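Next come two complexes built around chain A: one with chain B, the other with chain C.
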Partner chain A sequence: MRLFAKLGFAAALALGPAAATAQEEPIKFGLLQDFTAVYTFVSGEYNQGQQDYLTLVNEEGGIDGRMFEAIVRDTGNEPQRGIEAYNRAREEGAILFDFLSTPVSRAIVDQAMQDEVVLITPLHGRGDAAAGQTFPYVFPVMATYWSQAAILADYINENEGGLEGKKIALVHIDSPFGREPTPILEDLAEQESFEFRAFAYPSPGNEQSAVWSEVRRYRPDAVFIWGAGGGQSVSVREAIRNGISAENIYSVVWLAETDAQNVGVDAMEGVKRYEAVATGTDNPILSRMVEQVIEPGLGAGGEANVGSSYYNIGVATMAVAVEAARLAIENGDGPLDGTALKNGFEMIEDFDAEGLMPPITITTEDHQGGGFGRVARWTGEEWEPVSDWTTAYQDIVRSEIDAGAAEYSGGN
Partner chain B sequence: MAYFLELLVNGALVGLMYSLAALGFVLIYKSSGVPNLAQGALVMMAAYAAWAMVDFGLPLWAAVIAAAALMFAFGLLVERVLLRPMVGQPVIMVVMLTLGLEILLRGLVPGLLGAAPKPLDIGIGLAPVIVGDVFMNRAYLVGGVVAVVLIGASMLFFRTRLGTKLRAVSDDHVASWAVGLSVERAIAISWGIAGIAAVGAGVLWGSVQGVDWTLSSLLFPAVAVVILGGIDSIKGVFVGGLAVGILGSVIPGYLDAYAGGSTRDVVTSLIILLTIMIRPYGIFGREDIERI
Partner chain C sequence: MFYRLSGIHHTGYASAHRLWSVPADRWQVVAVLALALLAPLFVSDLYLGSYVLPWLVWSAAALSLSLLMGLAGQLHFGYAAVMAIGAYTSIHLAQAGVPFALAILGAGLTSAVIGTLFGAAALRVKGLYLVMATLAMQYLVDWVIVNVPAISGGAQATLRTPDVTFLGLPVETLSQRYYFALAWAVLLALFFMNVKRTSFGRALIAIRDKDFAAAVIGVDPFRFKLMAFLTSSFVGGVTGAVLAFCYYRAVTPEQFSFNVSIQLVAMVLVGGLGSVIGGFLGAGFVLLLPIILTNAIADLGASGWIDLSQNLMAHLPLIFYGAMIIGFLLFEPLGLAKIYDNVRKYFLVWPFRHSGS
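This part shows the complex of A and B:
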């Protein structure tokens, strides 16, 4: 019932009492996401964080009196439904879109660029969209999967006795997303002199025993797990069952508190993951959200989600988007349309959402924001950062971005 | 050799876990003559039901019993609301109806109870059972035992008076009516029993991977199991499950490194295709099965 309630309310989200007095139309963001199919493991908390952040901004008076409105609809991870939802939201005046779905985002890229509206693709979508000169209206905003793999490898290099001579296994879901880190890790293996091998399991990953028998015989020093949803907890369980120490398991960003509960909070102690955004509520933005949005009952979902990994990622995405809108309004002299908002994104410099995320700088060439992140370790109770915000091997990552962008340009 | 044995044993156990999901499929077909494409969603729903009961505060054993009662009732409801109006209609329409039910449940249940994966701890540790150099998955070992028990119980059930009535109804609705058997009641009971079987599959698979919508994807291997074993054969569920599990473990275990990706779904697809081409009624199925 929570989902339907959320969707129902969101369609006409009255984001705070100040909205009634606003002189201008609200700034509309289309948060058209997959609430019923593949991305359900993340979309509920993520979208809740997005809506709650916009509510906070409105409660605090908006930007120069301009309020924000979230248009929330379900795409079911289907490009056709995504396109339909996009067109409706466009007609309603949305100037920014977030689909949190790689297939839907990919289907919209050309249309969004043609319509000159902003498409943000945090932690999903095309990695090569970081090439701003090729994808002027698409903003990954956070580290691509290539950058995430690079940061995890760099952590081993800096903290686990170096990469040289080690064996790294990538155990991934057999999909384009799962295969994404392979070229980066192959390049790094050559550069840093370690051995690398990839192992694929079929989607959705509820049964991986045969793959892990093979991984165990490979005797890796570290294992990168690259999946999402229930498949991630199966990966951790199988790794531990096959004698791989939890300390040697490294995950893509999609490993959260719910996965720890599925594996067993104690059994998962020591597992590390790439982290894009800080978790918990020990942050000025989250503190204000609790005070002004959650406690007064203005939140878009369950209170228990506030401060969770995916909730905070949602908050951070909207913090970046609102910052872009603020810069666009302050520095522009025309209406806030898609082009003005795009220019606002490209003005973002060292923005860290009051410490919630790494400081990102977005330029016309780099829409990824530098590819920052950090490594966090599951303590048995929570995710604890074990590295500072950092970026790694961006020369190799950039070559992948440019190669992908060149291929896209060649095909268009 | 140890590697082969490990693939073989774990594959067999996984196959028996698939058999649990396939059992409800066969129970419904054997009783009502309807291939139930909603079986994956029933497994998912059963897991959600068990999780909800545990979350509500019931101990696991009570949660499983309560979930079984709930799923039995849901099976009866499906018959009363959806299937009874379809009696006498072409089988293909009933099949399409079960497909619609699958899609509906897959969206509705996570929508109501939450889509994020939910833990269902049934107390099986992560440590493997090690025999020689072979690591056996403890959860699959338990699942395999439960599957064998439930399959055996199902075989015995169809030798009871009620089971015989269900088989008669499956054979010929009109003749069953003529001799005074209640076709509607028989179909309702078969759906109810399939709901109970789904609880076994849902709880065991849910404990392995967490409870979420992806449990409904067990329909694919379950279909392979029933096609290979025979859509109306409980013995076939057992043998088909073993075969699908072993082939889906051993072949990818050796082939994946060369294929550059996972070949298990390819193996499962080939099992379905080759069985239909060579022996459409499966290993233990009756030859007079109506193909759709």
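This part shows the complex of A and C:
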């Protein structure tokens, strides 16, 4: 019965005077994420940040009078549920999608390009989607994992006495995501003449003691930990237990306040991580959000999350998306559809969300936005940036992106 | 009244052994089949592509597993791995230029060989121990796919299916893919129903009920257990290929993870072991119910009926879903197929309460 009711509804929509109301329709973003399975460590805060930012934009009058609406659904990290949620949201008129789930994003990439709607894949999904010519509708927006590894290596090179002669270990979860930085670090090891070795621990990473005793025997000067969720705090704890100084531990972007609590806030002092977006509420956008969204009680979730690492990443993704919509409305004359929004993204130039994030420039060729980021150090209380917004070894990253894109064009 | 049993007399084996000996059942099957055939005309793309099509493919998967678990009584907790082997084999073969029909056949054969290899454990162990052996298969196959880029499709671990034609018919648009999946599901359902009527099927059932008793009456457990794994893995591999080409079209290792194996087992158990209609109902329940519940609760939230936090909204469907699994299994431990059977038996003699015999 439900099915037929929906069918009737869809037919009514199709026959209704859609054109007349198109201008007043809100701009819809499909935030179809995994709230119940694998990405739960990030999706709650991330999605809350996204929704709160859209609320702020609406409270401030929208863009050119047009409001934003978030369609939020749980996909449980299951591709088939993601596909259903995508198709449904597309029927409801969404023109931008964010799944925050690598399996779901990968399953949708082809369909999104065929349907000509924007798919943003910040900090997840295919790294090679940064190649704009091959993936015209897919926007990683933030630094890929390749760029993150490059920035961490560059930090050691600039601030820790150079890379030459060092031994660097990559301790990663045994999955395609965990293995992603390997080719970049291998190329860098050759270029900067340091020694590099990768160690894999089995998914989901609750138990890593075997691999860390191997890492200890390797006696690395620096360790990159490459996992997500619960496995990350296990990695930090095991590293410290195996005699690796916290100062020599470098993490992928997925290491947040919660992980510090799990490790012990004092024990983790000195651990560094790649950071895509500033944390805290000490930022014009965040303070406006606190004033206009959080304090009046319009927020989408707990107040304690506001300003946390993943919350702010969510805010930044929507800031970029709304900026793209603004540029598209300002510069386009047709209706704001997926293609117009895509063009809007490609017009983004030196956009830093009022200092919340590094200034990114997205072009037709580069959908990554330059691969910016910085290194932050856990002080025992908060993440303190120890480098400026920077970008590193983009020539090597780019060759990796192009190789992946060429493989995609070839059928993979 | 609805079934009109009067006048149905079997005067020969052929009529007594028909798949549907009551005309009313036949008409129901014809009606469902007609609806399925016409579905692309009256079901919107959203429902065809996101509900009906995956339902058919997963029903085929549940039937393939039910052949092993329901008929032969061999537990298998690594069935997603069997499907993965089929999916990856078919894509690699198709990319190498092998015609799709042969690629599907190759997928089935590869799955059958590897599946039987692991199934050989069933010759030594039973029950929970067999579960462990099949779990090992799941993890080994996962590991191999993830760690061999030549299989998984390079650094991004994504393989896209090439455009293919099946014996001259293209399998590209949504309705073409739907019909292909429908054909496979119907074929498998017919195969399943007929297997039950053959000596092979009866041998499997004998082994399920007690393997050494079956050996005493002359059914060779060695041979038939291996054949059960062989047959089930073959159709499972083909179903994996159908899943890849008709539904996902971009294959990643996560699509065949351990969770999927558990879902398949749940489909078979919730639907009813060894039943065709149970395969379809179980697949529908496990696959579609979470989606429907998620949307229903999101709609309730959007309409302002309930005011809940995002977190609770996301978990509420899971709570209902879990409660419904428990509820249905408490209500009828033999699964949805048995509920269907009870309803049918009720209407068979309606308006009377009991059948005469």
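The rule is simple: the second predicted complex is superposed on the first by the 388 of 412 C-alpha atoms of A that agree within 3 Å, B and C clash if a C-alpha of one lies under 4 Å from a C-alpha of the other, contacts with A are read in each partner's own complex, and residues count from 1 in each chain.
Quick note on the criterion: a contact is a pair of C-beta atoms (placed from the backbone, for glycine too) under 8 Å apart; a residue touches a chain by one contact, two chains touch by 3 or more.
Since the structure is predicted, the reported quantities are computational estimates derived from the model, not experimental observations.
Asker: Kindly classify A:Glu214 by the partners it touches after superposition: chain B alone (first), chain C alone (second), both, or neither?
Answerer: First partner only.
Asker: Given the touch rule stated above, what does A:Pro204 touch, chain B (first), chain C (second), both, or neither?
Answerer: first
Asker: If we overlay the two complexes on their shared chain A, which of chain B and chain C does A:Gly44 touch? Say first, second, both or neither.
Answerer: It touches chain B and chain C both.
Asker: Touch test for A:Phe35: chain B only (first), chain C only (second), both, or neither?
Answerer: The answer is both, since A:Phe35 touches chain B and chain C.
Asker: Please indicate which partner A:Gly229 is in contact with in the superposed arrangement: first for chain B, second for chain C, both, or neither.
Answerer: Once the two structures are laid over each other on A, A:Gly229 reaches chain B alone.
Asker: Looking at the overlay, does A:Gly264 come into contact with chain B only (first), chain C only (second), both, or neither?
Answerer: A:Gly264: touches chain B, not chain C.
Asker: Looking at the overlay, does A:Pro183 come into contact with chain B only (first), chain C only (second), both, or neither?
Answerer: A:Pro183: touches chain C, not chain B.
Asker: After the superposition on A, what does A:Glu69 contact: first (chain B), second (chain C), both or neither?
Answerer: In the superposition, A:Glu69 contacts neither chain B nor chain C.
Asker: Check whether A:Glu59 is in contact with chain B, with chain C, with both or with neither, and answer first, second, both or neither.
Answerer: neither
Asker: Can you pull the chain A residues that chain B and chain C both touch?
Answerer: Touching chain B in the first complex and chain C in the second, residues 2-3, 35-36, 44, 76, 174 of chain A appear in both lists.
Asker: Touching chain A in the complex: which residues of chain C?
Answerer: It comes out as residues 42-47, 49-51, 54, 95, 143, 146-147, 152-160, 162, 247-250, 252-255, 259, 287, 290-292, 294-295, 298, 309-311, 313-315, 317-318.
Asker: For the complex, give me every residue of chain B touching chain A.
Answerer: My answer: residues 3, 6-7, 10-11, 14, 106-107, 110-112, 114-119, 121, 126-128, 135, 137-138, 140, 205, 208-210, 212-215, 217-218, 248-250, 252-253, 256-257, 260-262, 264-265.
Asker: Could you pull out which chain A residues touch chain C in their complex?
Answerer: Contact set of chain A toward chain C: 2-3, 6-7, 10, 35-36, 44, 47-48, 51, 72-74, 76-81, 83-85, 87-88, 91, 102-103, 106-107, 109-110, 126-128, 174-176, 179-180, 183, 300-302, 400, 404, 407-408, 411-412.
Asker: Which residues of chain A touch chain B once you look at their complex with the stated criterion?
Answerer: 1-4, 35-37, 40-45, 76, 174, 199-202, 204-207, 209-211, 213-214, 216-217, 229-231, 233-234, 237-238, 240-243, 258-259, 261-264, 267
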